[in-house]
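The letters A, B, C and D name the chains in turn, as written, and every chain counts its residues from 1.
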Amino acid sequence: MRKKITNVTIHSIVQKPYKGELIIEDGKIAEVGKTCSQTVDEVIDGKGGLCFPGFIDAHSHIGLNAEGYGFEYDDVNEMTNPVTPEVRTEDAFVPTDAALKESALGGVLVHCVLTGSANPVGGLAFIVRHTPSNLTGDKVVQRDVGLKMATGENPKRVYGAKNQMPVTRMGTAAVIRKYLQDGKNYIEKKAKAEKEKKPFFETDLKLEIAEKVLKKIIPVRIHCHRSEDMLTAIRIKEEFGIRMVIEHATEYLKVREEIKKSGVPVILGPFMSCRPKVELKDMTYKTYKGALEDGVLMACMSDHPVFPSQVLRLQAGMAVAYGADEEGMFRALTIMPAQILGIDQDFGSIEKGKQASLCIWDGHPFDARSRVIWNDQDSWTAL
Amino acid sequence: MRKKITNVTIHSIVQKPYKGELIIEDGKIAEVGKTCSQTVDEVIDGKGGLCFPGFIDAHSHIGLNAEGYGFEYDDVNEMTNPVTPEVRTEDAFVPTDAALKESALGGVLVHCVLTGSANPVGGLAFIVRHTPSNLTGDKVVQRDVGLKMATGENPKRVYGAKNQMPVTRMGTAAVIRKYLQDGKNYIEKKAKAEKEKKPFFETDLKLEIAEKVLKKIIPVRIHCHRSEDMLTAIRIKEEFGIRMVIEHATEYLKVREEIKKSGVPVILGPFMSCRPKVELKDMTYKTYKGALEDGVLMACMSDHPVFPSQVLRLQAGMAVAYGADEEGMFRALTIMPAQILGIDQDFGSIEKGKQASLCIWDGHPFDARSRVIWNDQDSWTAL
Amino acid sequence: MLIVKGAQIWKDRGLKRLDFSVEGGKLSGFSPSLLPGPHDEVLNLSGHYVYPGLIDPHTHVGLLEEETGNFAGDDVNETTSPATPGVRAIDGINPMDAGIRNARNYGVTTVCVMPGSANVIGGEGVVIKTAGKSVDGMVVSSARKIVKMAFGRNITWTWSKKEKYPSTRLAVGAVLREKLNAAKNYMANPERVCTYEMEVLANLLKKEAIARIHVANLEDIETIARIAREFDFDYVLDHATALHTNVEFAKTLKVPVILGPLNVAGKSFQSYDVTFASVKILLEAGLLVSVMSDAPVIPLNLVRLQLFLVDRYRLDRSDILDLFTENPAKTLGIEKQTGSLGIGKDADFIVLDGDIFDYRSRIRSTYINGNAVGGEDYEMDS
Amino acid sequence: MLIVKGAQIWKDRGLKRLDFSVEGGKLSGFSPSLLPGPHDEVLNLSGHYVYPGLIDPHTHVGLLEEETGNFAGDDVNETTSPATPGVRAIDGINPMDAGIRNARNYGVTTVCVMPGSANVIGGEGVVIKTAGKSVDGMVVSSARKIVKMAFGRNITWTWSKKEKYPSTRLAVGAVLREKLNAAKNYMANPERVCTYEMEVLANLLKKEAIARIHVANLEDIETIARIAREFDFDYVLDHATALHTNVEFAKTLKVPVILGPLNVAGKSFQSYDVTFASVKILLEAGLLVSVMSDAPVIPLNLVRLQLFLVDRYRLDRSDILDLFTENPAKTLGIEKQTGSLGIGKDADFIVLDGDIFDYRSRIRSTYINGNAVGGEDYEMDS
């Protein structure tokens, strides 16, 4: 089954936009260009629209507190223990969350689903894409793509209320360090058992994940709003030689040189919200402009349901209003999150061989009035 | 001091847009048209932008939980007593809330500030406009413009947790009815005291406000999401012969005929959010389209800080994406809220004699990338 | 020997006019006409219908007692830890519970009794007959060992109220993984010290026991399947309220399902998808389907309502009766002992004055191991 | 009669070389040279400086005691109702409190002691001298009656923790309006039954008493002004942390302000605007400004620090001294009795071995009503 999309302006992300065509075969882009030559079974008229790769929401809790299901169905934070690396968002994900369909209407076709920020060591993230299926399994792009950690107000507030460590920023860092040190000890113990050819080694599921982090198999995805928290995160990264992505990075502009130097990617947002916490005081859309100018690897996040993933595009548009480069913001919605998440071989741009994760828009995605009129997954009906 | 604005397309709301000029004198619009003849002291070049009346956010809690001040500074709900008509948002308003300036950057220059929805009978609302002053008094447009009431989940949840009436929707209606009935009794008692020329009548501040409601001096502003709650509200309105505005009206489409028949205006939104409550399950942007088609008096709300007032315009733009008429949505941001709030003699359109509450935009307000490049209040600096 | 004569009996998936004999509590012979010997007792059931005793594969009778108030008779959830594999349902069952009495009086001769759904690992379940004064004597010993588990909201509602782990569905799977990993460590450790908790889980991993997993939503079923693949154990899906919403997926699982209770309001989001249609859909998909009452959620005096309601979908009536007899027997591993009428099987049967699908018909007597133990008219007596 | 000779004394807004006499606890004469009679006591203070005793118009000394742990000596807020006009500070003061001892040893001869800021209406304040064993004997009787009030966050923090009204600033004004309305009803009712609570508020509405209102943020000051207009009463703004941020507005209020404590960290959002510059700004705006320690927030042994820090703004030193003497005296309505050196006034003065603005100078003695009651060297003794 080969399908051709015609009559669209192709925003491939890797090239300047041009009027062109593309061919989809087995869910992949088989050909793309000004004209496509292969014979096809079906032609989709793009009606002069704009064809974009599906946007990637690099930090979301979509599916963990499904739309309209109230607080009793909130699985964002396992806030009963400050160290829960063993919990997995895949286990709690609700694939029928109406927000997934709505996000697709807003052009977001891929989501990285993380645990919340109550715990210094949170849990394992996974990546889903929008499909019509009601099974999580049919949506999984990649499992166990990062271990969530958190700093700042949230762990303090949650465990402060329980009078349990951590109640300070120092305490949060100490909890994280202890976990990673336990991991190092565990790796050593395991190596020793192997060397001594012991018949038995007691595996520990919490520390198996620390091992993955310490061996750089997966990155730490660390929630930081304030500048000092980001610097603490980078300090820990250096100490343990781990991979890291900084999430939110609200005060990025205050420590931009340090972040750039560290080589750590940042996932910025959600800035289209009010500032109910003190640590959000200096939040500004201008952060996007700064990060683009600095050339750091940067992505937009919705933090859904904090901010609806459906309008991630408008947050990026607001960044443009506050001075960010428009093409840069499209990269922050597509190829850069794909790179940060390690899925850029399949997602994030319109190139031959990649997944045909595509939307056709009837207008500019940063204009609220614009609509997605087609995507590659749904039996399409208008809004 | 007379100022002239030139080189703009005037979106007056009452006429089709046209390239024109306008003159401001003493904060009012002295002249508006294709060209203006009066001599002026200062000319403001609109740079080919779009001149709109300041948007009016008809339902907001702006100033009651100022940006970046955390939960300890949250004065939205006095949730210690289900009946608190005597509390006034003006008493709690923080005029230095950074959100006011940010909202102005988003074209919103007027806000109606209400109490939250924890209490069946909440408190008195007031209307502010954006000014550079750090005094509430300098921002007041009108005091005591309505008495907030609330139905649905919120009162149930708040008082249910205290095991105190109301814990059901029935209970909420009963609390409201009792308050209004107490008010009727109070009016009678007062009239009797006057008739009998008694030297003394014991005033009751809670019931003085009920008197204003029952004498139709101020409307009830009632929080309803679900259709049954809206019908209950209308039932109470009919019983007591009061004025009413329905706030949120999330399930408007389910009872559109009944609402139209009741003559009650609605203030719709915020729909650019997720659905953390069950009663928001059927929330849709399509509601705007329906209300416009029905010809009911309708306004947009941000419910700030639930949704930032700064991007109220983008919510209206999303309504257009979901089929609403664009001009209708501009009316829902300007003249219709002015009518609902009773300030349309001064606000809501660009007409001679009205307040010069104005913004010049460098692009269409529903496009996220557009910016306000001038307003009538600020010493203007770009974003 | 007891000779039962004259009745229409349900045998080999159909009503047949057969006499049968009972010896030592077992069914010993079937024939169009059995001639009693001089020492035989004869039971003339002309005009009556005999069916195998019904089996309810998922109940809490005897643990969550009826008529005892809210606290005194409630022993269904050991909510002191989210994983309590060491507790056994048999130790909490009161054979005198009105729920068990209801069972036998209304035709249910075998029930599986299990801990509740507040814990990820609730403990061991047990299969018992529904008549007796000592639970030990009621046990159906051929049944496979059962480890009760639960997934989804009941867990998180329970533990989040206590502000304890697991408060979210993020951690429910993690609790199970942690315990199963501990069991693997335990089994691999040559110097292990025997603990009952670990032995129970080791039984599961050795496939001597089967997991019985309370679950409602489809996403939780997916998580169960994922973990079962990771650790390789057998399981049954109990409730499985939303499984029918993805039939292709359901087929891939190749596990028995026990649906129900179906005659309840779908009032929580967990039971949102509840429908009798699920029985039809999953039967047609070829799954081994049973129906539960979850008694006392649906008390067993109402057990036949479910049969009537499934019958509204115009399924083959043999298939319907199987839902309450053969299928649960197979799921519990007791199909050689009970669940149908056949030589060598327990003489567990019910006598009705009409077709079991005729709602006016009444259960005149219930026989367990060949003994009359109850019937609808017994209700008032006991 | 006591004759004090040889000192530089602060009188009429300047240092002067004058002798002075004290008779019956009052200042009775000033002259470049006073000749003592045979029965007079002479105090030679050559090389010393004499200033009027300092007045702190806003403290909690004696109520919120020092050196007593967290509970035993804490009587500052009657947090059982958000409006407690009936309670009186005088009933809670311990004259032996180390805070009062610090006051006199470090030069503070008069303090106003008031309830705290947890209640919208806290109760009646009192003005006392800082030496004595019985508080009744310490009272400065010429002072105007005081009703302590509070606005803003302290109220809502207190009551929201209890989940009681007023939990938000929405309701703070409402509490005050309700009570003042009740007082109006009370006053208008010819058949009223006297209640102390209502009498206190009636005093306020009759302007026999003045409201002393704890407030920080500008928006709360606006609310106070609004309510004061509605009900027509006199008030003083205490703390008024953000008042200097709108000078034009401040001028329109025409009320005395008592700033401070200023040598604290602006750590909460309420104290965000705290700055010594506020003294300069509001003085220049023509307001009647005093400075408080809020003791024991700033203990009174540090009282002079404030004077030094204000002095960094290079204000007229007479104006600075007025902040701690004449101005609080006027605000409290005791300016005819104390707060400056003049014939007929209380002999409340302090003796230093140098200029009061020289931070190395020490308070050698403090006199109240003509009696030496302390000084910095007394510290260790008592």
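The criterion applied here is as follows: a residue touches a chain if its C-beta (ideal position, glycine included) is under 8 Å from a C-beta of that chain, and two chains touch if they have at least 3 such contacts.
Bear in mind the structure is a predicted one, so any value in this text is a computation, not a measurement.
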By Cα centroid distance, the chain farthest from subunit B is C
Using mean CA coordinates as chain centres, what's the gap between subunit A and subunit D in Å? 58
Averaged over CA atoms, how far is the centre of subunit A from the centre of subunit C? Could you give it in whole Å? 44
Compute the distance, rounded to whole Å, between the mean C-alpha positions of subunit C and subunit D. 79
Touching at least 2 other chains, the residues of subunit A are 69, 74
Quick check of your reading of the touch definition: is the inter-chain graph here a line, ring, star, complete or other? line
Show which residues of subunit C lie in contact with subunit A when the two form their complex. 153, 156-157, 159-160, 163-174, 177-178, 181, 184-185, 188-190, 217-219, 222-223, 226, 245-246, 249, 269
Per the contact definition, I'd like the list of subunit A residues that touch subunit C in the complex. 64, 69, 72-81, 84, 86-96, 115, 123, 133-137, 162, 199-200, 202-205
Could you list, by residue number, the parts of subunit A that touch subunit B in their complex? 65, 67-71, 74, 98-99, 272-278, 280-283, 286, 304-308, 311, 313-318, 320-323, 326, 364, 366-371, 383
